[in-house]
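As C-alpha cells, here come the structures.
What follows is a pair of complexes built around chain A, which joins chain B in one and chain C in the other.
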Partner chain A sequence: MNTDRRQGGCGSTRDAGDGATSPEDASTLAARPVDATELLLWALMHKFERPALEHYAAHASALATAEKRSFVTRLDALEADEAPLAASTLAAPVDELLARARGADAISVLIVQGLVLEHLGQAIYGIAESTEQASPASRTLAAVGRAASVSVTAIASAEIAARVGTHERLYAVFVDASEEVIAALDPLAEPVDEVFGERFGLRFADVLGEFAAGLITACTALGMQRRKVVAHLAGACMGL
Partner chain B sequence: MQTRESPDTTPASSDPPAARRQAMSSLMGLAIFGEKVAARTYLAMADLRADHGDLLRKFAAMEARHGSSFLQVSRANAVEPDREFADRELGYLVEQVERYARASDFDALAVLQGFIVESLAIATYEPFLGLADTYPGAREAFATALADERYHVDWITRYLRLRYFGAVGEFLGLAERVNTQGIDCVGGSLMSIAGYLDVVGLSGAQCAAGMLDGYAGLLEDVGLDQRTALRSVTTLFAPLMAKYRRREHR
Partner chain C sequence: MSVHDASAGSILITGGNGFLGSLVAAKALVESDATIVLPLREPYTRERVLAPILTELAAEGRPPRAADSARIVTVPLPPHEHIDELYRSLRDLGVRDILHCAGSLSYFNVRRLQAGNLDLTRAILSLGTALDVRRFVYLSTAYSAGFTDCPILETLHDEPRNDPTDYTRTKREAEWLVARSGLPYVVVRPSIVIGDSRDGRYGGKPYGLYQLWTAGVRYLSMGFPRVLHVVAGNEPVNFLHQDAFTTGFWAAYRTLPDRAVMHLVSRDDALPTMRDLWTLWFSVHGGPHDVHFFDRLDTVPMDEVAPEVRLLLDFTAVNNEIGSSRWNFCRDRLEGLRRNGLEMTDASLETIAVAQRRFVADSPRLQRFIQRYEAAGVPTPRFVDRTGERARPPGARAS
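And then the complex of A and B:
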C-alpha cells in the first residue's frame, strides 16, 4: 500500500503526479495504445478518473493516493481524443452517470466515488487486463489502473467506517447515497456491448457481475448484511 | 436449446382487487405446476442414480404433495391457478431438464433442481409466510414446503460437496454450464412474477435478492469462494433485472 498518500497537496491534481518516473512507467508511456477502440476506452476511463481525482482532492484528500494520481497522469499523457467518445452511443449514459456521481460532500464522495465507482472501474480494468484481444500497452495500463483503484477503495472503506460507522448505521447511508448512481448503470449496457464487445470481448454483464461481487464483498467487510446489500442492488437494477 | 422470450407479465389491471386476483392466480399457477415439474425432475434423477434412487423418489413424492396442497389452498381461497402462465414459464425449464436427463447428466440436474429451482422456491415461500394467514390453509402448506425444500437443498449440498471435494474448479465449470440457461430460465421466471409479488404485498426485489444471494451461498457451501460465487450468479442475473426495469419503464 502507498505510504505517502497524504503528501503532494492535492489542491491541483492536474500536476499531482508523484514525480519519479520508473523504467516501467517509461516503457508503458512509450508503448501507447494506438487502436481506435482502445483509445476510446481510455478516453472513457479518463472521463471518469480525472473528475474522481478532483473530487478526492476537494472532499476526501486521503483518497487521492499516489497510485491514483500517477495513473491519472498517465491517462492525461495519452491525450486520447474525446471526440469519438462524444459521438458514440456511450456519451449520453456516461454523462448521466457522471452527473449523478457529482457529490458535493465528503460522505457522498467516499461512498459514490470511493466505493461504488471505484469498484466499477476495478471491474472494467480487471476484464481489460485479462483480455488477450487488447494490446500489451492497454493491458499494462489496465493493471496499473486496477492497482490504483484498489489503493483508493482500501482507504475509502477505512474512511467510511471512521466517518459514518459500520453495519446498519452505514447501510442506511450507503443506500441513500448510492441508489441513483447504481440505477444509472443500466443505460450503459447496450453501448458498452456495442462499442467494446466485439473488439475486446468486454460485455457489460461481465462488468456488472464483477462489479457486484466486488462491491458486495466490500460492503460485507464493512459489516453490512449481505442479503440487504444484494436487495439494494437488485432493487436499484430493477427500478423497484 | 430454447431461448427465453420476455413476456409482458406486468400486472395490467388498475383495479386493486382484480390485480391481486390476477397476481395470486399467476403465482399459485407457477407454484403448483412448478412443484409438479420438480417432482418429475427428482424422478429423472432417481432413474439416473440407483444408489440414491429411493431417496430421490421420496423427494419427488414430497414435491408432488406440495403441488397438491397448494392446489387445495388455491381452491379454498377461490384462486384459479393460471396454467397458461405456468406452462409458458416452465416450458424452458422442462426443456433443460429433459436435455440433461437424456444426457444422463445427474450433476447438472442436481445444480438446476437442487440449487437453482429450490432457491427460487425458498426465496418466495419464506417471505410469503409473512402474509400466509390472509389465505386459509396457506401457512401450513407453505411452511411444510419450505422445510422440505430446505431438506432437499441440504442433501444436494452434501452430495455436491462430497462429489467435488478437492475439485472446486470442476464444480465451477459445472455451475457455470448450468447457470447459463438455468439462471436465465428460473431467474427469468422470478422476474416474470416480480410485479405480481409486489401486488400481493411481497417485494419482487427482496425475493430476487433472496434467490441470488441464496444460490450464491449454496455455491459457496460446496466450495466456491464468495467473490467467485457472487460473480458467477450476478453476471447472469443482472441482465434479467435490467430487462425487467426496461419493461417497467416502457
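And then the complex of A and C:
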C-alpha cells in the first residue's frame, strides 16, 4: 500500500483525462464483482455516490458530470445488497458521515460534497484500483469511479473559486463548511480496517493519507496556505 | 500567604465547559466557600458541565456533595455583543472576581479566534468594569510571546518575529486588552498542560503531547514501517501537569499583586526533549528497526517516507515546530510563590511516563495495537540523528 499515487497528482487534469479515456476491457466491464467484501464496498460507495449526484443535480448542476452520472448508473446496476453493510460495524459511522454531508445550499454542496467527499472517494478508489487483492472487475470499477470523481473535483474547484473566492477568504468558509464532515471520518477507522483491511488491503490510515494529500493539493491550488489547511485537517480529524 | 481574600463574594469562571476552566472550577470548590458562577452557551447544559467538575473533585479525594453542586450557579451566556445583559444577575449573585478561562484553541481559524479570544475577552472585561471586580485573572498561554531567541519575560509582549499560530497571536492581543482595561488583573500563562502527575488522568482534548500519541495510535495502527522518520528536536519541551496547573493558577489568583504576569511552567532541569518522548513511546511496544530524527519538517526526505507516516508528520507539524524550538521562560513569579510554600510537581520524563501509562490504559485502540504489534516489533530501535540536513525543495516534501 505504499505505492505513491500522488506523484502523478491524484487530482490532476492528466489523471482525469487518462481515467476517462483509458480503454476498458469489455469482458472486464461486463464482469460483476462476486466477492462479498467487494460487494460490500460497492454498496458502501453507492450509498455515497447516489445522494452526491442528487445533491449536484439540485444545487450545483455543473458537478453532475457525464462521467459521474455514468458511474452512478453502473453502481445502480450492480444492485449490491445493502443488508450486509447495514449489519456491519460500518453502518453507524457511515450514516453519521452522510447525515453531516447533507448540506442544502450550493456552497456547502460544492465544498463538502464536491471537494471533501470526492477526494475521500478518490482515495478509496485509488487504493482499490491498485490493490492486487481485488478482482479485475472491482479494480476496473474503481478506476472508472476515480476518473468520474476527478471530473467533479476539477469543476468543483473552479466553481468554488468563482462563487466564494480563493486564499484567506475561502479558507474561512472552507473550515466552517468542512469541519463537521471531516470530524466524522475518525469513527470509520476501526470498522474500515476490520471489514476491508485484511481481505481488500484497504486500510483507514492509507485512505486518510491519500485523502489528506489530495485535499491539501486541491486547497493549496485554491490559494489556501498549506500549513493552515493541514492544521484544520488535523484538528478536525483528531477531534480538537 | 494570601493577599487576596476570595471568601467574600462570588467568583465568575468563564470556560467552565472546557478542560482548564473545569479544573479551575473544581479547585474553587475545594479552596473557597464562594458561589461559583459559570456562564454557559448551548449545547452545554448544567449537567454536562457539572459532571467533569464533580469527577475531578472525586479524583482529588473529595466525594461530590450536594452542597458542592448547590454552590455552582449556571447562567446563560449571551452573544458577546449582548453580554451586558448578564450584569444584573451577576451583580445580584455578588460576583467580585472573574477568572476568564474561556477561549478558542483553534490554531488558524481567525474568525473563531477573534470571537473566542478577542471579542469575548473585550466583553467580559466590560462586564468586569461594570461590576467593579476586585480581580480579573486572564488565562493566557506561555507561547503568547511568539518565536523569539530572547528570554521570555513576565511582561506584556511586543510583536515577535513570527507566531507559531494565530492562536498565540490572539492570546497576546487579548493580554493587552486585559492590561488596558484598567481592571486589577493577573495574567497566568501556562505551558502545555498534560495529565495529573500522580495518576496521569487527563480530561482535555488531544492537544500537545496527546496529539502526538493519538496520531501515533491512529495513523500507525497497522504497525511501524521499517524506518520511521520523525521531526523531534533536542530542546526541552515545557509540559505542566494538571495538578501543578490548578495549584499554580489558584496561588496566582489569590496571592499575586495586581498587574502581575506569571509563567506557569515547569522548571527546565528535568524536562524531556521530543526525542526523549519518542523513546519513551517506543518503550511501550517496541518500535521500528530505525528511527530517523530530524529537527525540521522541510529537511525530511518525503520520498523515503511511507504515506501514513507523512500524515503523522503533517498532522503533528505545528506542535513539532513549537516543541523543537527553545522557549526560555522566565519564572520569577512562580519561583517566588514556591519559596513561599507553593508545592507543585515539575514535569519530567518520569512523571510524563505516568501520564503515558494512563493514556495507554485508557485507549482500547492502542491496546489492540500493542497486542498486534508486540510479536513483530523490535524492543529498542536504532536511533539515527539527521539533524542539520539541508532543507528539501518543496517538490520533495509532503503532498
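Just so it is clear, the second predicted complex is superposed on the first by the 211 of 240 C-alpha atoms of A that agree within 3 Å, B and C clash if a C-alpha of one lies under 4 Å from a C-alpha of the other, contacts with A are read in each partner's own complex, and residues count from 1 in each chain.
Following the convention adopted for this analysis, a contact is a pair of C-beta atoms (placed from the backbone, for glycine too) under 8 Å apart; a residue touches a chain by one contact, two chains touch by 3 or more.
Please read these numbers as outputs of a predicted model, since none were measured by experiment.
Once chain A is used to superpose the two complexes, chain B occupies space that clashes with chain C.
When the two structures are aligned on the shared chain, A:V230 is found in touch with chain B and with chain C.
When the shared chain is aligned, no partner comes close enough to touch A:A58: not chain B, not chain C. In the superposition on chain A, contact of A:L98 is made with neither chain B nor chain C.
Of the two partners chain B and chain C, more chain A residues are in touch with C.
Contact with chain C, but none with chain B, is seen for A:D193 once the two complexes are overlaid on the shared chain. After overlaying the two complexes on the shared chain, residue contacts for A:V175 are found with chain C alone; chain B is out of touch.
Touch criterion not met for A:A161: it reaches neither chain B nor chain C. Of the two partner chains placed around the shared chain by superposition, neither chain B nor chain C is touched by A:A86.
Contacts of A:A143 after superposition: neither chain B nor chain C is touched. Common to the chain B and chain C contact sets on chain A are residues 186, 189, 205-206, 208-210, 212-214, 216-217, 227-228, 230-231, 233-235, 237-240. Against chain A, the residues of chain B that register as touching in their complex are 191, 194, 198, 203-206, 208-210, 212-213, 226-228, 230-236, 238-239, 241-242, 244-246, 248-249. Chain contact summary for the complex, chain C toward chain A: residues 105-111, 165, 205-207, 211, 214-215, 218-222, 225, 306-308, 310-311, 314-318, 365, 398-399. On the chain A side of its complex with chain B, the touching residues are 186, 189, 205-206, 208-210, 212-214, 216-217, 226-228, 230-231, 233-235, 237-240. Interface residues of chain A facing chain C in the complex, by the touch rule stated above, are 1-2, 4, 6, 168, 171-172, 175-176, 186, 189-190, 193, 197, 203-206, 208-210, 212-214, 216-217, 225, 227-228, 230-235, 237-240.
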